[in-house]
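The two complexes that follow have subunit A in common; it is paired with subunit B in the first and with subunit C in the second.
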Partner chain A sequence: MMSFGENLGRRVIQMLTAFADTIVFAGKVFIRIFRRKTYSSAMREVLLNQIYFTSVQILPVFLMVSIIFGSLLIGIVFQLLKEFGLTGFFGHVLMGLIVTELSPLLTVLLITLRSAAAINTEMAVMKVNREIKTLEMFRIDVINYLLVPRVINGIISIVLLSSLCSIVLLVSGTLFSWLIFGMSIDVYKNILLNATNFSDILIALFKCAIYGFFITLIPIRFGLRASHEFTSIPIVVSQGMVNVFAAILIIEVLSLLTKLL
Partner chain B sequence: MTLSREFKVGLFIGCTAIIIVLALLYLAAGKGVFENMHAFTLSSKSGDGFTEGMPVVFSGFNIGKVQSLELNDKGVVLIKIKIPDRHVKWIRSDSAFILYRPLIGSARIVVNTTNLNNPPLDEKKIPEVIIVNDINDAIARIEPALERVTQIADNVERLTSNLSDPKGDLHRILSNAGKITTNLASKKSLVEMVVSDEESVKALNESLKKLKDITTTVDRILTKVDKMADKTDSEIYGKDGALPQVNVILKDIVGKLQKLDKTIDNINKISSDTSEGTKDLHILRSDIDDTLKTVEDAVKKLDAIIGLKKVPEFKVP
Partner chain C sequence: MFDSEQALNQSLHQFLHDYPLQVAPVSVDVPLISNQDIYMNIALIKQYHEDMPKRQAQRLAVEYLERVDLGQIAYKRNPALNPEERFCGMLLRAAMVKDAMILIDQPFKIIPHLKDIQFVTTALKKIDDLYLSCHIYDYQWMKEKYGEL
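Right after this comes the complex of A and B.
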């Protein structure tokens, strides 16, 4: 009984300490983002490469997935609305559910699976290969050079790709509203305008930025936790990815609470 | 031509940013952010159901929204609504503002304008909002029904408790029915069971027998009466009966009366002719009077002439 209590207490303390460390670490990185000194030419080069790998390279696949998955989703949702006689809520469902909720979620899941996992592994490998130690020896600021460009890339990529996904969904919504409801473009446009709130869009964009920040920061943090053994790489990668998904869920819940309040 | 990585990234960020900005600008224009807004103030005794940002609807279309809610010094809720320039034409001086709270869906202020030719609503005027509440209406309608259901349930409960009660009416009726059936099984007849006395039953039987004799006698009398009635019938209604003869007499009288009618008509004619004749008599009389007068005058003249001459001689005309 005593040992169970001790174990539980130890685990809770470890979790709280890890959470506090992550927040402190996030604070450090966040402050660096707003410092002019951070944006050296080397950092800018890294940032450019990161945006290229995360957004530009993935763009054709991302657009294709958005069109296929988004159209499928919109088709199913519209069909359900028609069947349940909830056509009156068409605009609110399209804007409130699909554009401001599902679109950022779809984007963040795709980017997490492709880029966050890559960042986590990259950091862990660099740690194992002592590349980070070497950078520190050359007095290169690891946070400025490695971390900040990746985090900024995460924010920019998620915001831009999520917005693109939303626009793709709205365009495919035009087609499906015509096919399922026989709705003209003018009516569709009016319904969307009536259902749109700027506050919802701002919350969605802010949520995307938060997603971008944490889905890059958490893998970096866990990647840097790797020891100098190669066997530690898969452990920290899996831990990092689990925590990233937990963070996504927490952010989603918080955004819903913000909307309710 | 291979595009550099920098160019690709720049193109991606630039194009996406432009698309996002254009979409937001389009949305802003559609929402009337760049339009002139007209503010109207409405009043309500209660702020219940009003929220900031609540849509203002005309004919099912959003034309504006609630900007703010205030409580003035008199305790009246002031609702400030903002209507864009292109929709202000729907707000006229006779417009009614109704807070509609549907059972399902969000509340909204519905604008009802009967005559669009009326002058626009003065922005300083404060019309009162009429409140239509589907939930309260539904509750008000359901309440009496619920009361009835409760009453029915109470009655059903009372009935069931009565039925299940061993000392209840039903059990008493059933036990009585049991007693009756056992009693019926032990007696010779239903009458014996009812009067519970064998002598009475015998007396009743004798009375019934006497009643039978009486009915036979009555039957016989009735047959005789029937025969008499038949005879009377033939005497009155028969071929040589009284009634056909009366009919013949009556017909004769009717014929004579018709003849008498003609005679009376003739008499009437004669009397009318006579009265017309008497009119002629008057004229004749006056003619005779005139003639007599003339003759009298002539006689007077003759007298005068004869009185003057010795030999009364005159020439007849």
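Right after this comes the complex of A and C.
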């Protein structure tokens, strides 16, 4: 019984320490974002490449997923609203649930699967190949050169792609509102404008930025924990990805609590 | 020349400690970044430390590669290089450090099949205006390969 308690206590302490470490590390990276010195020519090049890899290369797949998944979702939700006689809540459901909640979540899940996993592996491979040591030997700050551009890219990409996803969903909404409710574009537009809450949109954008920050920071952090053996790569990648999904859940819960309060 | 691993490592660390801003290592333990082309590896130092614009730094890198007759490897990556090309890539990257004091750690570990040091000295001569000094660290039992150097 005693050893169970001790083990549990040790695990809790380890978890809290890891959480505190991540927050301290996040603070360090966050401060660097606002330092002018961080933005060297090399860093700017990495930033542009990262934005291209994360936001531009993914566009065809992202648009396709948004259109298919978003249209299906909108169709189902509108059908349910009609069946349960909740047509009056149409605008609030569309803006409050689909645009400000589901599109950031869909975006962050897609980017996590595609880019966060890639970043995690890239960092682990660089560590194993001693390329991180190379950068240090040439006095290249790893935070400035590798971390900050990826984190900024995460923030920009999630905010922009989530906005794009919202636009796709709203366009799908136009079609389904006409098909299911026989609603004209003007009526649809008025309902949306009446249901739009500026603070909700701000919270959604802020949430996207937080998502972007952590879904790039956590994989980097775990990737850099790799040892100098290739066998450590799958371990740190799986740990990193589990932690990213935990972070997504925590941020989602916190944003819901913010809305409730 | 050193007669033990401990002595060599100690001396390397001392050198790194004495010239922290100028030391420019060329070593198997300081590899090229594998997800960047060779010209980008070389340009990176100027871009980061001197904030040199990307195009200018990359043009300079290609120019220096051509100077050592390796213009054709500019757009290749580390795994695609042979040991000589890899060595020259590392050497040029080191030479990009401002007032570089190049530190070559066991050149025959980077190019194992070399019979003597001539290839290294020839490469160093071709870029002798790019660095302040060059220091080669190796073991005593490799002395034969260095000849009169």
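Everything that follows uses one rule, which is that the second predicted complex is superposed on the first by the 261 of 261 C-alpha atoms of A that agree within 3 Å, B and C clash if a C-alpha of one lies under 4 Å from a C-alpha of the other, contacts with A are read in each partner's own complex, and residues count from 1 in each chain.
Quick note on the criterion: contacts are C-beta pairs under 8 Å (C-beta built on N, C-alpha and C of every residue); 3 or more make two chains touch, one makes a residue touch a chain.
Every value quoted in this text rests on a predicted model; they were computed, and no experiment measured them.
Q: Applying the touch criterion given at the start, work out whether A:Phe198 contacts subunit B, subunit C, both or neither, answering first, second, both or neither.
A: A:Phe198 sits against subunit B, while subunit C stays out of touch.
Q: Does the superposition put A:Arg36 against subunit B (first), subunit C (second), both, or neither?
A: Neither partner.
Q: Which partner does A:Ile167 contact after superposing on A: first (subunit B), second (subunit C), both, neither?
A: First partner only, subunit B.
Q: Mind listing the subunit A positions that touch subunit B in their complex?
A: Those in contact with subunit B are residues 48-49, 51-52, 55-56, 59, 88, 156, 160, 163-164, 167, 189-190, 193-194, 196-198, 201.
Q: Would you tell me which residues of subunit A are touching subunit C in their complex?
A: That would be residues 40-45, 122, 125-126, 129-131, 133-135, 137-140, 145 of subunit A.
Q: Taking the touch rule as given, give the residues of subunit B at its contact with subunit A in the complex, in rising order.
A: Against subunit A, the touching part of subunit B is residues 5-6, 8-9, 12-13, 16-17, 19-20, 23-24, 27-28, 30-31, 53, 55, 61-62, 105.
Q: Can you tell me which positions in subunit C touch subunit A when the two form their complex?
A: For subunit C paired with subunit A, touching residues are 20-21, 24-25, 29-35, 44-45, 47-49, 51-54, 57, 93, 97.
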